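Shared chain: chain A. Partners: chain B in the first complex, chain C in the second.
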Partner chain A sequence: MTAYVLRRLAYMAITLFAMITLMFFMFRLLPGDPTATVISPALDEGAREAMRRRFGLDQPLLTQYLAYLRNLTVLDFGLSFRTSAPAWEMIELRLVNTLLLILPSMIAAYAIGAFGGALIAWHRGGKAEASVVLFATAMQSAPLFWLSMLAILVFSILLGWFPTGHIVTPGRFPGPSWRMYLTADFLHHLALPFLVNTLYQLCFPLLLMRSTMLSTIGEDYVELARMKGLTERRVLYGHAMRNSLLPLATTLPMILGWAVAGSVVIETVFSWPGLGLLMIEAISGSDYPVVQGAFLLIAVLTILGTFVADLLYGLLDPRITYR
Partner chain B sequence: MAILDIEGLDLRYRTDRGPAEALSEVSLRVERGEAIGIVGESGCGKSTLLKAVMGVMPPNAAITAGAIRFEGRDLVAAGPEAWRRIRWKGVAMIAQSALNALNPVKRVDAQIAEAITTHESRTRAEVEARTRELLALVGVDPGRARDYPHQFSGGMRQRVLIAMALALRPPLLLADEPTTALDVIVQDQIFRRIGALRGELGFAMVLVTHDLALVIENCDRIAVMYGGLVVEEGPVAAIATASCHPYTLGLYNALSRLGQRRQPVSIPGRPPDPLAPPAGCRFAPRCPFAIERCHRERPVMQALSARHAARCLRAAEMNDLRPAAALPETWEGPQP
Partner chain C sequence: MAFLLSFLGAVWKAPTGRFSLVLLALFLVAAILGPLVAPHDPMLRNYGPDHKLLRLAGPSWDHWLGTTLMGRDIASQMLHGARPALLVGGLTAFGTVAIGMNIGLVAGYFGGRTDDVLMRITDMFLGLPFLPFIIIVLSLTGRSLTTIVVAMTLVMWRSTARVIRAQVLSLREMPFVAAARITGASDLAIVYREIAPNVLPLALVNAAFALAWAIITEASIGFLGFGDPNSITWGSILYDAYASQTMYRAPWWVVPPGIAIMVLVSAVYFVGRAYEEVLNPRLRGI
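On to the complex of A and B.
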């Protein structure tokens, strides 16, 4: 077990290094001169040269790469090309906003999905099951941006229950402040993107849980549990659902990918100042340091997620041994 | 009072092609301490009968008539909660498949313990002591109580299932082909163990199997099932020497016996379709002794002696027909 964890950690380091390297060169190969977006090409050549020197873009690629690696070890992603603020600071600020929206939403989606899927499979064959499956399949097939816009149209514009976007009413908190997160205004803005994302993301775990449960229910050990005289609740939660969680746990690394993709779409539609929106802004502005930082963060999260899922699977299923 | 008294039980499955009659007019009495064997081909309803007694039928099954009385109390009428309380405490079961009957992600002791704690309030230490005692009783090292099922061999898992079944000292034990997945040597060990435990603890047993020889070795009485009906019932000795149903005689011919040159003879044809059972005797289409009446009339159970009964219109003539039934040619005749 210890040997397995150490080996996996070594693999993770290698994967991460490959990601860092790939990302650095990939961005340098992209067309487009970042200085062009910051300083108008109409300005004099001397100003542009000074700009290039300031960001180290006049150095050979290899020197740039080594400097990049050196800076990464102290979490220095460089300065944003657009705002000249440290890229990591920008990311950090936005990351909190994203985590506050996406993390509770994904946890809720998986919890509701797992229990909902288990329950409809347990009471299979009814109208309730058919309608839930139909609804989940339809929701899952719909594009997330479309659902978000529809939700804004109905609940914000027509019914006026929720604001149409932003994290708090614009102008209430001019500077970044943690106080913002403690207001009812923040929760009011959080509600609609949270609900849309949760509803959309819960379809996959729900449908997966349902189909796993349907085969688990037919297992001999579930019948034996019932023959032992266990209450239906204990048969459902202690045996059928407990064992059906295994396939769901393997999807954990995939969830991270969906969470990121979902955050980009949700934040763009709801003007939520999170990491997803920052990425969109940075990409369209060729803001390399910020994009690299954000991508790197996502890569680290995904690699960590895969690692955690592997360990979790071993905890859930004693038949798995780590060698 | 009989420990288990099944009377006129009808059970149907709802299927896409209409109702399927899985059990009809099944009556069976099990006295305290007695061992009864139920034999029949696959699909004759023997496993369904045990599940019905345990009250764990699939959702598309429904008991449409009859009673299942446990110590005089009708479980069908008593309702699901009362039935649940009787399960395992009054009547326990050794499940069919040792390989899949244990939950793979739970430790063996926990699976035995939950059977105990569901029905009795006991301290942790008492449950633990009882679990170890049970494992020792069936010949499994109690030191392995904390192991997971996949760490046991098939025979060991079957022993664990027996230990689990005995956890609450039930007066009645059902066994649904308890050794099908195991090799003959382990099978023999398991049955010896069950026999010894029965001598020690005195529980009654209903053994369901397609293996007539196992029943003859291990039981006091036999019930033969065919197409959802009990077609013959009686003491092992009576059935073995003077069976009065052609189906039982056919099953008997299908046994291979050591020291005998004769090849086992099989019964041609297939069991009846539960969606559309034959109008008369259900065995008539495969029966070499069927007469015209057999295809029209439904036979009822006929008492041949105090404890022996058969569901055959020609049961009374069977003494004359029996020699012919032992000949392979009889079963090769024209079949539909």
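On to the complex of A and C.
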């Protein structure tokens, strides 16, 4: 077990290192001079040269790469080309916002999806099952950004129940602070993106749970549980559903990746100041240090998620042995 | 070809499969003929009888789905959008399965060091955040239908490779593989003549899901403003609507592209699932 965890940790470190390297060289080797976007080309060559020196862009590529690696170990992503503030400070502020939106909503989606899928499989063959499957497939097939737009159209514009975007009423708080997250105003802004994301993300676990359950229900041990005289509830939740949770758990890392991708989209529609929106803004402004920092952080979250899911998988299924 | 026919035949047996195939055929016709039968030039600014620009005009006989803020005909834009959606989706699904299947076959069959190296590479790709990676690639390489296909394929083959590898791991222990080996077949012949045909059905199911996911992703890319600037896609229509900040006054601008994506992707999912149920009858819940 310890050996297994250590090996997974080593793999994780290698993956991360490869990704950091890939990112660095992708940004440096491709055409486009970052100074050209920050300083107008109309300005004189001297100012541009000073800028290049200041950001270390006049050094050889390998020196830049080593400096980059050294800085990363202390979470120094460099200075933003735009604001000249440390990129990490900008990213750090946004990370909390993304996690507050995505994590609760993914947990809710998985819980509702697992129970919902188990229930409709248990009561299979009826109209209810068919309509839930149709509805979930349709939801899953719609782009998340479009569902968000429709939700704003209906619930914010027509009914006026929720704000159309942002994390708190603009101008209400002088700057980001922890107190901000404890207000009703924040929850009011969180509600609509949370609901849309949950409804969208629960379709996949729901459909997967249903199809896994359909094959579990035919298993001998379910029949045996029933013959033992257990109540239908016990058979459903204690035996059939419990064994069907496994395939669902294996999809967690993949789903985490989708959730991150989804966050880019949902944050854009709702002007939610999270990592995804920051990345989109930084790309439009050619603010490479911020783009790289935000991307690496998103990648670290994804990789960590995969790692946790791998361990979880082993805990859930005693038949799996760690080698 | 015979395989394709058997695939269509299998899907046709299920009522949802049949319905979805008909829908897919309609979208295919729209993709081929759409730009030819579109009533207006999709980029043309239309003027009313009073010579004023038709801004956000509601649906009418002349403009079935109304017009945009710039007075452009939405129905024509919709018809033009079918082609890039299917083209980008189809090519990405093909690339995804072609790469994923080969890596899965080689890694699963040869095992050992080969498997280790290939799976480590696959794991590395699994760590790449999906949409953020595509957007970064597009912002660096430029935006065109080709770069979109390449960027999407780069991050999509990984899951197919894992699924196929798992299947190959169990297939390689089957008696027919041992039989082929005894007759003196080379490794390459065993992989591509004996094992590959057996994973093809699974690959096809994966292709359907890849197609569905690629169509949604292509729309998301367009919506985020990273789509091909030279083509009209359903995602770019929604991007225009969103960027204009007037979409809430014109539901006819926002609703149709999403409906088109939803119906097309649902049809693809149902075809994939109908075929999956043929392969694995237990999924039918009988």
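By our rule, the second predicted complex is superposed on the first by the 323 of 323 C-alpha atoms of A that agree within 3 Å, B and C clash if a C-alpha of one lies under 4 Å from a C-alpha of the other, contacts with A are read in each partner's own complex, and residues count from 1 in each chain.
In this text, contacts are C-beta pairs under 8 Å (C-beta built on N, C-alpha and C of every residue); 3 or more make two chains touch, one makes a residue touch a chain.
On a predicted model such as this, the values are computed, not experimentally measured, just so you know.
The superposed arrangement places chain B and chain C next to each other on chain A without a clash. Using the contact criterion defined above for the overlaid structures, shared-chain residue A:Leu214 touches chain C, although it does not reach chain B.
Looking at the shared chain after the overlay, A:Val269 reaches chain C, while chain B stays out of its contact range.
With both structures placed on the common chain, the touch criterion links A:Thr231 to chain B but leaves chain C unconnected. Residue contacts after overlaying the shared chain place A:Thr302 against chain C, while chain B stays out of touching range. Seen from the CA centre of chain A, the centres of chain B and chain C span an angle of about 70°, rounded to a multiple of 10. Between chain B and chain C, the partner in contact with more residues of chain A is C.
By the touch criterion stated above, A:Gly125 is placed in contact with chain B and with chain C alike.
In the superposition on chain A, contact is made by A:Trp146 with chain C only, not with chain B.
Touch criterion not met for A:Phe135: it reaches neither chain B nor chain C.
Looking at the shared chain after the overlay, A:Phe25 reaches neither chain B nor chain C. Closest contact between chain B and chain C, by C-alpha atoms in the overlaid model: 10 Å.
Applying the stated touch rule to the two superposed structures, the overlap between the chain B and chain C interfaces on chain A comprises residues 124-125.
Every residue of chain A that touches chain C in the complex is listed here, in rising order: 11, 14-16, 18-19, 26-27, 30, 32, 121, 124-125, 137-138, 140-147, 149-150, 152-153, 157, 211, 214-215, 217-218, 253-254, 257-258, 260-261, 264-265, 268-269, 276, 279-280, 283-284, 291, 294-295, 298-299, 302-303, 306.
The touching residues of chain C, when paired with chain A in their complex, are 120, 123-124, 126-133, 135-137, 139-141, 159, 212, 216, 219-220, 223-225, 235, 238, 241-242, 247-248, 251, 254-255, 257-258, 261-266, 268-270, 280, 282-285. Every residue of chain A that touches chain B in the complex is listed here, in rising order: 124-125, 219-221, 223-231, 234, 238-239, 242-243, 246, 316-319. Residue ranges of chain B in contact with chain A, taken from their complex: 54, 56, 59, 84-89, 92-93, 95-97, 100-107, 114-115, 118-119, 148, 150, 164.
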